[in-house]
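Okay, so chain A shows up in both of these, paired with chain B first and chain C after.
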Partner chain A sequence: MMDRSSRAETLTTDGVCVYFEGVKAVDDISLSVQRNRIHGLIGPNGAGKSTLFNAVSGFVPLTAGRVSLGDADISGWSPTRISQHGVVRTFQDTRIFKALTVLENVELGAMDAGLHGNVGRAASLQVLELLRIDHLADEIAGNVALGDGRRVGIARAVATQPDFLMMDEPAAGLDEKETSELADSIKEIRDERQCGVLLVEHDMSVIFKICEEIHVMDSGRTIAVGTPDEIRTNAAVIEAYFGSGHS
Partner chain B sequence: MGQSVATWRRWAWLTGLLVIPLIILAVLVYLTGDISWIQRASSALILMIIVVGLHTFSGNSGVISFASVAFAMIAAYTSALLTIPVEQKPSLFPDLPFFLEWLASFSVPVPLGILMAVAFTGLIAFIVGIPLVRLSGLAAGIGTLAFLVVVTVIVTKWKAVTRGESTMVGVPKETTLWWAVVGIAIAIAIAALYQMTRRGRRLIASREDDKAAMSIGISIPIERLWGWTLGCAIAGLGGALYGHYIATFSATTFGFALTFFTVAMLVIGGLGSLTGAVVGVLVVQILAEFLRTIETQGLGPIPMLEFPGITEMVLALIMLLVLILRPAGITGGREITTWFRRRKSAPAARGAST
Partner chain C sequence: MYLQYIIDSIGTGSLYALMTLGLALVFSVMGLMNFAYGQLVMIGGFAMILLRSQPWWVLILGTVVAVVIVSLLMERLAFRPVRTATAMTMLITSFALAQLLQQAARVAFGANPRPLEQFSELSVQYTVGDLYISRMTLITVTTTLVSVVVLALLLKRTNIGVQLRASTEDVEMSKLVGIRSNRVIASAFVISGVLAAIVAMLFFSTRTNVSWSSGESIVLIAFVGAVIGGLGSMVGAALGGFLMGFTYTMLNALLPVELRVFADAILYTLVIVVLLIRPAGIIAAKGVRV
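The block that comes next holds the complex of A and B.
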């Protein structure tokens, strides 16, 4: 649909703030996601991860700051326009179209990349294979199990051929095995589609397994940025997660 | 368009499964030779076109509209103005405003008049749709109802063009049972094609989950505007055919009563599926016939009792019960084709979804 001949290399936020009636949900966050890299966004409950995520994807208005895709300022754009320009998100509660089949869900994503009819179907089946749910193609999406539903939601987003894929807690509610397999899948998506990934996740095993850079938030602010090894040993992070008594 | 073979096959199935029984029904009614039954079948099929139009927007978008009858009215008047014989026009419309005087100088054959009326209705729908489709829920209901009021007032008051509260007369009476059959077949085929191809599917996606739809680049106002324009044009087809069926009509012909009926039919049949629109019209129409008999002749063994107004009351009650007990209507919002598919592959108990 949109001209994506020149793919943006970075998705950045500059001093992004989101206040709700005086509550500083997101306070001066600057982060940068590179294409072909997986960035984790972590933090305790209420840290502001989801709000930042919603702000970048256009679902929540910015109070201050700027979101850029490459050189383009995309602050204040509608969610529709942002996704048409290659920044596509998933939802924690999947938000798959339950009345449609799994394949139809993914085909709707492919339409955003201008792929319709037979071409769209073929592209969608490829994405389903990539996510290992091609056997569910003709199931009604509302009938699939939670873990598969998450994969449908991710497949739908991947089918739009995003430059940046934003995932909101994709492993929430999954068991250990499912979580581990999902982490592998996310890596495969990045490798095959060469997109940047911004991953909000509670499950540290996923974050430390696949992220190349991690951004840690607490109470709306950045408390650490670094590689998994740096974050693992960062005192402020340990403090935020376990409280002073544990460090 | 590059639609896949599977899409065309599903389209043919859905259209066939809905249209063929209607054709059979029409032929059976015709063979009885009973004029009153033929009339009932004709008007039911024409009404069904309007309901299919309503479904095309409301069913696929999940946004209620009370305006489809207003568009049926616009189309009926437009086609009438175009097709009334040229020699009758000066006496029927002596005071046409200067910018419409050209209307008195010609008349077109009825099929062409209907086509032009449908196109005009679509154009009006597109223009008023630009602001209207931005409304959802209660606001959409009130907004479309306001549009119905506006159209009704214009038709009632603009005597020079619509003959005001006097009935429209001189309209060629050409719609037959077979015209109605062709009309509903076209309406169903177009509505089925729309909801199976990209535009309609994007509108359905926005109905299922607006945020998710936006997240994959779907522009909800644009998709709604397409569905709205197409749905209103289909309702216009029904309205134009109806005008040429009854031949004399006024604004009250297309008023709140008809609006209530069409909405009740769609709700009872099942908002969300084309099958629901078709089934709803059949069920309500048969029920209404039965109730009207009671209304005028009493109930079999007690012929002395009459129940004026029972038709609307019972329909309202049924609609209420459906909304409370089975909000997805008789069909559950499913298409007839999925019923067949489900029977083929016996569904095993599946894991609970979120």
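The block that comes next holds the complex of A and C.
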């Protein structure tokens, strides 16, 4: 990873738009994620949250608007460059290296942070402990269960020492117990690594349990921003989730 | 008597396994079937001729350095510019490169095979009971085992090895974790070059000459070995190459004299049979890109 002399305090989008052949998948979204805070991004299916997530991490080009890391404009940067500057994402389908061991997967993250050899291994083991999968260190990553695979993907991202960790539906496909434990782990990562977290998640239990601020999207637009308590009682949110479209 | 055949066949099998590994390594890292690989072995042979009068360690070191340099130049000048092109483009580039190197060798060293003075110290035979084991067979088998172990340790234990295996599996993701593909691919070509140099030394030590066309049969064996072993799998490649060499020597030993001309035909028929039964090779690799 590149030398990052000062850690950025905010990851923000200003009026970000992503249009696909005239469809406004993301329409004028401005949000701000602070370091040391967990920020939730929710919305019904097709709300555009995944597209926004992909746009921020450089996987989808912006139609308009700007993404900034601290004072730096990172709009249009490649995913690799964005991740080198400390904004690191995870994937719903984990994208872990299945032929490598769990530890090797995380070591790649540590190497990215400039930690090689024994130092990198020690740092990786620490991250595995933080994620509570240190007992799987020598397993082939392709053989671990889905929930553990997600943790491997998160561990690899954490090992790169990100300033901002972006998680794409980390609880998808997990059972209730796994989901609750994962939520605890995300909080622990934030507490120990002091990074900002942007969490896209379907599972409301995770969002309401750990997020300090929640951004709600529907049909590409922001419909509400606030604390969990504010969002829980917000009329527009209730309408979007349980309103006319929902029987 | 059969035991004697088996010993001889293990020698050839080991050599073929090494040939296959160098080709398979580059294939698994960048999806490139490098048909110019055989020319690296040929260049190693000519390096041996040029260095024949030098002390043995100069000959070994010089041959390895020469082949590695050509291998790296190949990557930098020929393959890097077409890395993002289709597999077909890369394949044709490798054919063109093979031709270029062959013709260059022909111009430089002449159309006739150049004699290579024999290494008499290698032709010593040991007798164990009624078995004969040549020193060359022992050296070949030992070198192969050591090379395979070193390669395995390199891939398993070192940073570059882990990065190499990661980029083999998912290039895009490996870039995201900061793996510099240029460096990783160049390392694969260095390792492939070292293996080609070792193959050259083992192969030409038992030959009397080196020709500009010497690389052709070698790359064919390596290619077929890699295919039947399972493209993209290192273990499969070594196994495939070994089986090719082992079977070929056994056929030559066991077939009646009048049928020996068919050894190649029988070998390649067996290859077809193996591929009919296991189209992805003996050990099919996960996520092979072609």
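Convention: the second predicted complex is superposed on the first by the 242 of 247 C-alpha atoms of A that agree within 3 Å, B and C clash if a C-alpha of one lies under 4 Å from a C-alpha of the other, contacts with A are read in each partner's own complex, and residues count from 1 in each chain.
One rule holds in what follows: a contact is a pair of C-beta atoms (placed from the backbone, for glycine too) under 8 Å apart; a residue touches a chain by one contact, two chains touch by 3 or more.
Quantities reported herein were computed from a predicted structural model and do not represent experimental measurements.
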| item | value |
| --- | --- |
| Clash or fit (per the criteria above) of chain B with chain C on chain A | clash |
| Dominant contact partner of chain A by residue count, chain C or chain B | B |
| Contacts of A:149 with chain B and chain C, given as first, second, both or neither | first |
| Which of chain B and chain C A:112 touches, first, second, both or neither | both |
| Partner chain(s) touched by A:93 [first = chain B, second = chain C, both, neither] | first |
| Partner chain(s) touched by A:104 [first = chain B, second = chain C, both, neither] | both |
| Contacts of A:45 with chain B and chain C, given as first, second, both or neither | neither |
| Chain B versus chain C as contact partner of A:121, first or second or both or neither | first |
| Common interface residues of chain A - those touching chain B in one complex and chain C in the other | 1, 79-80, 83-84, 95, 97-100, 104, 107-109, 111-112, 116-117, 142, 156, 160 |
| Chain B residues within the chain A interface of the complex | 1-7, 198, 201-202, 204-205, 208-209, 211-220, 272, 333, 350-354 |
| Residue numbers on chain C that touch chain A, as the complex places them | 159, 162-163, 165-166, 168-170, 173-179, 286 |
| Residue ranges of chain A touching chain C (in the complex, touch as defined) | 1, 79-80, 83-84, 95, 97-100, 104, 107-109, 111-112, 116-117, 120, 142, 156, 160 |
| Touch list for chain A against partner chain B, complex | 1, 57-59, 78-80, 83-84, 88-91, 93-100, 104, 107-109, 111-112, 116-119, 121, 142-146, 149, 153, 156-157, 160 |
